[in-house]
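Just so it is clear, A, B and C label the chains in written order, and each chain counts residues from 1 on its own.
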Amino acid sequence: MTVIDTVTATAARAPVRLRLVTLDRLRSAALPIGFAAAVLLLWQVAVDIGGYPKVILPAPSDIASALAANFSEICRQAVPTTRDTLAGFCIAAVLGIGLASLLTVNRLLRDAIYPLVIVIQLVPKIAWTPLFIVWAGIGWPSRLTIATFIAFFPIFMAMLAGLESTDGSLVRLCRALTATPWRTFWLVRFPASMPYLFSGLKIGITLSVIGVVVAEFISSSEGLGFFILKSAALLQTDVILAAILVLCLVGLASFGLVHLGELAVRRWRGD
Amino acid sequence: MTAASDYVVIDRVAKTYNPGSRQQVDAVTATSFSVKAGEFVTLLGPSGCGKSTLLMMVAGLDTPSTGTINVAGQPMAAPRAETGIMFQDPTLLPWKSALENVLFPFRAMNRPVAPFEGRAAQLLDQVGLAGFHDHKPRQLSGGMRQRVAICRALVYEPDLLLMDEPFSALDAITRDEMNLVLMKMWHDHRRTALFVTHSIREAVFLSDRVLVMSPRPGRVVEDVAIPFDRPRTLEIGETAEFNRICAHLRNRISH
Amino acid sequence: MAGRLSNSLTLRRTVPPLATALLLIGLWETMSRSGLVSPRLLPAPTLVWDTLQRSFGILLEQAVPTLTGALAGILLAAASGILLGIAVTLSRTAMQAIYPTIVFFQLIPKVALAPVFLIWFGTGMTANILFSVFIAFFPVLVATITGLDAAPDNYERLCRSLGMSRWRSLLAVRLPFALPHIFSGLRIGVTFAVIGVVLGEFITAQIGLGYIILFSANNFETALLLAAIVLLCGVGILLFAAFVALEWLVMRFYDSCVL
C-alpha cells in the first residue's frame, strides 16, 4: 500500500536526520553554557584585576563563599517563600481555571464579568501589595493573597483564550452530534485549551514568586525577600546575591514543576 | 411534487444574513427540491453560491429565513442524532487516536462506547486504515484523516449523510481515491446522501442526481439525472457520455 | 437599520459589565457606610473620591516622578531591547549562545535585584529608572527576537533571489513582519516599567506614587492609598495608550511608504 511505502521511506531517511539533530543539539547546548561560563570568568577576572570594592561588585567566588557561610540561614528563609509561592499559585490556578470555565459556558456572566477583569488587569498589580497588607496583616495570609492575586490574571486570561479559540468546526461537529454545552466543554474545549492553560500557568508561577518577594520586601519578618532587604541595609552585596541565587533556584524549580505538569498532560494527550 | 419516498424535502427555502442592514447577504433564494430515501444527490455550484449554507440548514446547524425543511417527515429545528456529517476539514480531535475519533459521536451523545468498538474498528479496516487504529491525526495524511471522518460519520448508523465539500482540500489523486472509498462505503451502507462540491467530475462520478445551483443568491437551476450503473469505477470518467454530462453541467453553471 | 444592529451589539457589550460594576460599587458603599466593614480597611467609594479631590495636588505632584521614571524606563528599555534583538538575530551563533540566557532571565524573579540597584545607584531617581529599564528590557528583547524570526522562509528566499542586501531585506521585509510582535512586547514592557518604578519607590520610600501608597498603608489611610492607586492606574493607562497610538502611527507609516 502506498501509505506503508511512505512510512518505510521516511524511516529509512531517519538516521541521517537523527545525526544532524544530535549535532545541532550538542551545539545549542554547548554555546549557551560556554557563553555563561565566559561571562562568569570575565566577571571574576574583572573584579580581581579592577579591584572593585566588594560592596559594589562582589566576584563570583565572593558570592560562593557568602552562600557557603550563610547556607543554613538562607535555606531557612527560603522555606516560607517557597511555601507561599506554591500555595498562592495553586489557589490562583483553581480560581483562574474555574472562573474561565464558568464564563465560557454562560454567555451573560462572560459579558458581565470579563470587561471588569480587563479593567482590573490594567492596574499595576504590584501596587496593590500594601493594600493587601492592610487587609490581611504582615503574616503569611497577606503574602499568600498577593501571590494568588498576581498569578490569577495570566492563568484566567490564558484559559479563557484557550477555551474560546477552540477550533470552531470541532464545536460545530459537537452541535451536529447533539452534544450538550457541558459535554462539548468537557470533551473538546477543555482538552483543546491545555496548551494555552500551560502558557498561562508558566507566567502565573513566575509572577507568584515575584508577588511573594515584593510582599516580603514591603513588610515581613521572614522569607528571602526580607533577608535580601536586611542584607542590603548592612551593605552585604555578596550575601544578597547568594540569596538571589537560591531564590532563582526556587523560581526555576517551581517553573520546572509546571513544565513537568505540561509534559505529563502532553503525554496523556499523546502529542 | 412531494412523494412518500422523499426523505429530505426543501420547500421554498431562503436564507438572508444581516437582513435590513448594509451588510445584507442573500445567500439562498426560494429553493425547492427533494431527495429520495437511499438516493445520492449532489449540490453543484460555484464558490459562494450558498450550497454549503443549504447543507448546514439541512443539518440543523443553521435556520432558514423563510421556507421549511423536512427530514424523515419531521420539520428540522435543531440538529438530529440520526444525521451523519462531514466537513471540508476532517475535524478530528488532535489528541485522540483514529479509533477514538471514530467513536467520538457516542461520547458526544453520552452513550456507552464499548459496544461499538468492534464496529468502529471494522469501518476503519473497510476504508483501508487497518493498522492505523491507534495513530494520532497528525501521524496520518490528509486523505487518511478524511477516511477517519467518513467512518465517524457512519459509525452510529445515521439514516442521512451530509457532506460539505469533504475532499476539496485534497490533491487530485487522493481525491479520486477518496471518491472510490466513499462510493464503496455508500454502496455497503446505503444511506440517503446529500453531497456538496464545486467539482463537476466529482459530482457526476458520485451521484444519482446532480442539482446545479446558480451564483449568489443561490437557487437550484437544473436537476440532472446521472445514468451510470453502480458500482462505478474511475474508468467511466473516460466515456463520452460522462464527458457530455460534464460539458452540459459546466454550461449550466456559467449561465 | 445598520445603526440599530450595531447599537444592540454595543448595548450587549456595555450594559452587563456596567451594571455589574455599579452593583459592586453600590454594595461596597453600603457595606462601608453601614459599618459592616471598617472604613479603615475598606473606605466607601465616595470617601475615596473625596480624598482624591482633596489631595489631588499632592498626588499629581507625586505622579510626575512616577510617570517620567516609567517613561524613561520604557524608552531606554525599548531602544536597547530592539537594538540588541536585531544584533542577536543577525548571527545564528550569537542567537544560540545568548537566547537561553535571555530565557533564563525571563524565568527568574528579577524584582529581587531591586536592593542591589539601590546599592549601586543610590536611592534617587536614577536607581528607580535603571531598575525599571532592567525589568522592561527582557519582554521587548524576547518579542523582537521572536518577531524577526516570524517572516516565512519564502520571503527570505525572495529577498535573496532579488539580490537585496541583508540590511535592506531586514528593513523592507523582516522588520514589518516583526513590528506586531515588537509592539506587543512594548505593551508588556510598559506595564513592567511602571512596576519597576513603583517597586523602586516602595523600597527607597522617598518620592512618587509608590511612596504615597506605602506611606498611607503604614498609617492605615486606606482612602488615600486607593486614591493613589487610581492615579497610578491613570499613569499606566496613559503610557499604555501612548504606545498603542505609536503602534498605530508606525503601522500607518509602513502601510503608506514604499520601501
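Simple rule for what comes next: a contact is a pair of C-beta atoms (placed from the backbone, for glycine too) under 8 Å apart; a residue touches a chain by one contact, two chains touch by 3 or more.
Per UniProt, the chains are A, C = NitT/TauT family transport system permease protein; B = NitT/TauT family transport system ATP-binding protein.
This one's a predicted model, so the numbers in the text were calculated from it and none came from an experiment.
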Chain whose average C-alpha position is farthest from subunit C's own: B
Identity of the most central chain, Cα criterion: A
Gap in Å, rounded to a whole number, between the CA centres of subunit C and subunit A: 19
Inter-chain centre distance, subunit A versus subunit B - centres from mean C-alpha coordinates, in Å: 47
Whole-Å gap separating subunit B and subunit C, where each centre is the average of the chain's CA atoms: 51
For the subunit C and subunit A complex, residues of the former touching the latter: 12-13, 16-17, 19-21, 24, 41-42, 93, 96-101, 106-116, 118-120, 191, 194-195, 198-199, 202-203, 209-210, 213-214, 216-218, 220, 222, 225-226, 229, 232-233, 236-237, 240
Subunit C-touching residues of subunit A, taken from the complex the two chains share: 27-28, 31-32, 34-36, 55-56, 108, 111-116, 122-131, 133-135, 206, 209-210, 213-214, 217-218, 224-225, 228-229, 231-232, 235, 237, 240-241, 243-244, 247-248, 251-252, 255
Complex contacts: residues of subunit A adjacent to subunit B: 1, 3, 6, 167, 169-170, 172-180, 183-184, 187-188, 191, 269-271
Residue numbers on subunit B that touch subunit A, as the complex places them: 59-61, 78-81, 83, 85, 87, 89, 91, 93-95, 97, 104-105, 107-110, 128, 132, 136, 138, 141, 144
